[in-house]
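Before anything else, here's the structure in question.
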Amino acid sequence: MNWLIAGALIWALGWYVNVRLAALPKSRVTSLLVPVIFGVTLIIIWECVVRGLQIQQVLLPAPSVIAARFASSTSILWQDWVQTVLKGMMSGYVIGCLAAFLTALAVDRFDFLKRGLLPVGNFAAALPIIGMAPILVMWFGFDWQSKAAVVVVMIFFPILVNTVQGLAASDAMQRDLMRTYAAGYWKTLFKLRLPMALPFIFNGLKIATTLALIGAIVAEFFGSPIRGMGFRISTSVGQLALDLVWAEIVVAAITGALFYGAVALLERKWTFWHPSQRS
Amino acid sequence: MRNLFPVLTVVAAIIVLWYGAAVWLNTPWAYDKAQRAGVELSTSELIADTWSQKKPKLPAPHQVTREIWKTTVEKKITSKRSLIYHSWVTLSATLLGFALGTVLGIALAVGIVFNRTIDMSVMPWVITSQTIPILAIAPMIIVVLNAVGIQGLLPKAIISMYLSFFPVVVGMVKGLRSPDHMQLDQMRTWHASGAQTFWRLRLPSSMPYLFTSLKIAMAAAIVGAIVGELPTGAVAGLGARLLAGSYYGQTIQIWSALLVAAALAATLVAIIGLIQRIVLNRMGMAQ
Amino acid sequence: ADDLTLQLKWVTQAQFGGYYVALDKGFYEEEGLNVTIKPGGPDIAPTQVLAGGGADVTVEWMPAALAAREKGLPMVNIAQPFKSSGMMLTCRKDAGITSTDDFAGKTLGVWFFGNEFPFLSWMSKLGLSTEGGEDGVTVLKQGFNVDPLLQKQAACVSTMTYNEYWQVIDAGLTPDDLMVFKYEDQGVATLEDGLYVLEDSLADPAMEDKLVRFVRASMKGWKYAEMNPDEAADIVLENDASGAQTEEHQQRMMREISKLTSGSNGALLEADYERTVQSLLSGGSDPVITKAPEGAWTHAITDKALN
Amino acid sequence: MSNNTIISAKDLSLTFQTNDGPVHALKDVSLDIEKGEFVSFIGPSGCGKTTFLRVMADLEQPTAGSITMNGVSPEEARRARAYGYVFQAAGLYPWRTIAGNIRLPLEIMGYDKADQTERVKRVLDLVELSGFEKKFPWQLSGGMQQRASIARALAFDADILLMDEPFGALDEIVRDHLNEQLLQLWARTEKTIAFVTHSIPEAVYLSTKIVVMSPRPGRIADVIESTLPKERPLEIRDSPEFIEIAHRVREGLRAGHSDA
Amino acid sequence: MSNNTIISAKDLSLTFQTNDGPVHALKDVSLDIEKGEFVSFIGPSGCGKTTFLRVMADLEQPTAGSITMNGVSPEEARRARAYGYVFQAAGLYPWRTIAGNIRLPLEIMGYDKADQTERVKRVLDLVELSGFEKKFPWQLSGGMQQRASIARALAFDADILLMDEPFGALDEIVRDHLNEQLLQLWARTEKTIAFVTHSIPEAVYLSTKIVVMSPRPGRIADVIESTLPKERPLEIRDSPEFIEIAHRVREGLRAGHSDA
């Protein structure tokens, strides 16, 4: 009971502090501090609720237990991370991006493909790709190759659609300008349309980061070597090692956030000129 | 209509490729069988075999089509072997999750737009929430919810909701903020209240954004429902069909469940698109 | 009637025929019980469901139950309808496997999720590392089916006598193509499909009484299923909500299951228990359990139920 | 400051704090506008025309000095709905008909239904848009849209009309036509109008008083009282008097521009 | 058609097929432009000014009649990079600096590096933007952007400059200033300029010849040869001669407008 009261108090305190901080003029410090305080409050409340209601560790471990497990299992976590993220996700991400990009160029170049492939692509994008995971595992084997394949399939359409949209983003006037210079297809592509498409492409790349991570992890549910984040998450539940499961989830969340952040950073660097990046 | 011919061409190309891939992928097993039986396969026998295996690596299109036909048209829709029955199970979870996600998403967006503290505290976490591989912990969620007595439709719907609320929040925050300064200032010159500004300006302005996000949310909701079905003990639904198919190596069954799921998703998204067209046309906001 | 929930270890299939028969034939009803049977699935840990209060009784394999007990979850075996183990490793002869000596350097498919324990003790008994390499075996987490064997991605896969083995046969491989190692024959068999509850349940006399009636009715169901396998298979099919099971497969499974249950009247044999514990304790450097558990089983229920 | 003074600014200053340092949008601006005047504000981009209008409308807070509208503060004037504001873009809501758009402020201000209908009809007449009430904005030309937006600002009883480049986006011919109409409307309704423009002919043609502003810091460079008669056919723009005033305005602008 | 004729259109027609039926953007248009002339095109919206310019630039194909640029077809002229085109919006690439933007056509046309740098410097001087080469377009005012876009069209050796309302989006004061500069530039470079505008004073101030067009179908209503001297201070706009020409243009416009 005391724990619950403590949780409620901390919630009230955290919110109060945030209300005060938010009222200040927006600065780098406040826009970092406010969400951090909010997150920390949530974690403390989690801890309090688990203790207060005496929730079994096999159902929901307390953050402190997860943190302890995280600290003591770094070698397992690292090994799993290498398997899933470096081998499965990254290779899939790179292949998927390249494939989608090249396809987008073809689709953009040939109107016939655009009119034929995009509707079919939209249908395929609605496909719950996750359902492909067992099939791809069957096709590409147990190791990271099948995980990469799942990632490729998952990110292909979001990037394709965004890139095609981006390539169409240059307005008629700008293309006319290139025409007055008697610039050919490739010159127009590299000097005008690709730079113009970058903000859209990055949009797709950002969506693809989370999809890729989810794809790589979930694919491991359908068969894997005996390491990997998805392997650990799916098998540790059976061993009631819920603290390890949550430690993996923390790793996944951090990885996802960092990956997204890295792509966003690159976007900032390459599309500094876009109005959305300037404000 | 203009697109009909290109689309048909592409579909035809896919089917041809598909048949080819079926030959390619299923050949090893055909040879394996033939070798153990001690017979030689002619090319035509080989092709015939690869297109008619019971558990092919890649079933041929006609095998899948026949399976879909058998499990939809030829079965009573109340039958547990009817894909329509299973689609309905998935559909109900999808719709519930979609509705919950939409409501949650809009509520959060309204909070974010109207309250600075909520905006600054919650928005970064809304984004972070999507880096958690919810699909991977779906089984745990199902069990934990089960422990507190929530079972049946709701746990699946909650996973759907988790996936579908995000695009709605992002879209609606954008949408509710889409009225420009001029329009907001105009409301100020009329001395309009916050509620009046919301109902008469912000909400109508957000409609195009809402529909775009609803389409994404719907596709996400289906994925959520299907994934939520995987660990509920392969009871019912398209996810359960996928799983059961996978468990027994019934690739034909997997593919038919997949295609039906895609058709379901495409239909739902198309319905939203239709509503979007009608509503936006009426509002004079069609692009 | 008294409500009682049973959590199964796996999807609805003839492996759990006895319970479905008891339900369908009204044996539970006769005992004044209103039983709900929850099917399991690949990602459902019956132990976790029990811990969370989602079920009163669960069907579980003893290694997983004992491991959970060491984790602090007080699971107790109250009955053991399965006398012998149906686990085996099914290998392709054309992968070069004729005896356990050939395992080194090969890839073996194993089920995880708490089902890997018997395998791990076996390998440690054979002195094979599971980390791969020349004189170890490469382990892969087998998915839901026997594809790795058919696709030659693994030399051997885990199968149950009553289920996956027949999928291999159905896929076109003949018994002659295969080399099977039964855990029973290798002396590493562990107890499967027992009925488990949490300790608290036993402390409560009313609950204990319910359990007694439940076990009695369940055993009646099992014995009925042994006598009438085809009818039992039909009952299972009727209860399968996924509509994915076939009659042929379930009838065959029911017959195989009967072979495993026929030796048991429901009461756990202490010798079997000791054998299981020994096997799990001897797991080399990383044993499944580190010390012999206490109070992990009781005859209290079966004594009352069977007399 | 006479009894009839409707808008009165004294030593008004407004400084925006931006990342590149402070921007003096208005600096020591003093101006009185009498009842019934038509005052144009003209000046190069960034000289604070819009800012000045927004201060009058209580959309921006001055950092120094004082201003009264109808004798009260801009905020009170806004709450009393003492003015109508017309923006550069028509800014009609596409999801409302023309009538619905004009009714919008009336709904917000809580006029009763019958009164609303009555007023909508009257102002539609006034801007010569009768018959178009059921149309949607996108079914109308740009000039008609702008007329509807003026009607919207006229629908409620405000004595003051603040207009920020209302015709900036229209082409010259349509613009001429609307200028003519606006003058007639002003004559009929006797409102006080503050009007921002970039166009010298427009300013000269419409105003009783032309305020020439200059930038960095935004201040008033010249105030020119028009000597043109109240009755002004379009041809007046070729008259020597007109050209003379235009010339003075241009000189004022040039002076403000070159010393910036 | 004299020996010095640079642009020569004969019975040029262009009909767009739209969903609402054919639109006659140009109908039987004939016009000769001599070397070194500054020709303005003026007329109400939709009269085909832009279309005419685009036909010259080979961005649109006429449906009837013939046109030559430098004695060859527009397509050949385009491939020979015989003209520079300036659009209404500056249309600079936001990801390139000002210098980078001006260098763009030079890169495409394969000028060598040193030459590029040299030319960029020269045209930046010409439009008085030296010192801004490292800035990005969005760091400049609208007028400066438009100057950069003119520099871009001047950087390569084209004798013809086609300008489609290059100053349409700018305010009057900035516009005056750019007009002055454009005249000087024209005097210095001796290019032939075709210039589309909506503004009567601009047309009169700049041109040696004013082509008044009228819509539906788009055709030439009047061609007015300017009697103003080549040397034109801004003040010339208050001269009777200027006002007289402006009046004639306005008359031409009004005529074209009313019989539509």
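Going by the order they are written in, the chains are A, B, C, D and E; count residues from 1 in each one.
Definition applied: contacts are C-beta pairs under 8 Å (C-beta built on N, C-alpha and C of every residue); 3 or more make two chains touch, one makes a residue touch a chain.
Chain-to-protein mapping (UniProt): A = Putative aliphatic sulfonates transport permease protein SsuC; B = Bicarbonate transport system permease protein CmpB; D, E = Taurine import ATP-binding protein TauB.
Everything quoted here is computed from the prediction, not taken from an experiment.
Take subunit C out and leave the rest in place: which chains still touch each other in groups?
one piece
For subunit A and subunit D, which third chains touch each of them?
Expected: B, E.
Roughly how big is the turn, in degrees to the nearest 5, that lines up subunit D with subunit E by CA atoms?
Fitting subunit D to subunit E on C-alpha atoms yields 175 degrees.
On a C-alpha centroid basis, what's the spacing between subunit A and subunit E, in Å?
50
Report the inter-chain centroid distance for subunit A and subunit C in whole angstrom, where each centroid is the mean of the CA atoms.
Comparing mean C-alpha positions, subunit C is 38 Å from subunit A.
So, what's the distance in Å between the C-alpha centres of subunit E and subunit D?
Comparing mean C-alpha positions, subunit E is 34 Å from subunit D.
Could you give the separation in Å between the centres of subunit C and subunit E, each centre being the mean of its C-alpha atoms?
Distance between chain centres, rounded to whole Å: 86 Å.
Where in subunit C do residues touch two or more of the other chains?
Within subunit C, residues 42-43, 45, 48, 51-52, 143-144, 147, 151 contact more than one other chain.
Can you tell me which residues of subunit A touch two or more of the remaining chains?
Counting only residues that touch two or more other chains, subunit A contributes 59, 134, 138, 221-222, 234, 237.
Can you list every residue of subunit B that touches 2 or more other chains, as numbers and ranges?
57, 139-140, 143-144, 147, 246
Report the complete set of touching chain pairs.
Applying the touch rule to all chain pairs gives A-B, A-C, A-E, B-C, B-D, D-E.
Residues of subunit C touching subunit B in their complex?
For subunit C paired with subunit B, touching residues are 8, 11-12, 38-45, 48-49, 51-54, 143-147, 150-151, 167, 170-174, 177, 240-245, 249.
In the complex of these two chains, what residues of subunit C are touching subunit A?
Subunit C reaches subunit A through residues 42-43, 45, 47-48, 51-52, 64, 67-68, 71-73, 112-116, 130, 138-144, 147-148, 151, 153.
Okay, in this complex, where on subunit B does subunit A touch?
Those in contact with subunit A are residues 2-3, 5-11, 14, 25, 57-58, 116-117, 119-125, 127-128, 130-137, 139-140, 143-144, 147, 219, 222-223, 226-227, 239, 242, 246, 251, 254-255, 257-258, 261-262, 265-266, 269.
Of all residues in subunit E, which touch subunit D in the complex?
Going by the criterion above, the answer is residues 44-45, 141-142, 171-174, 198-200, 238, 243, 247, 253, 257.
Subunit D touches which residues of subunit B in the complex?
For this pair, the touching residues of subunit B are 182-183, 185-192, 196, 200-201, 204, 282-285.
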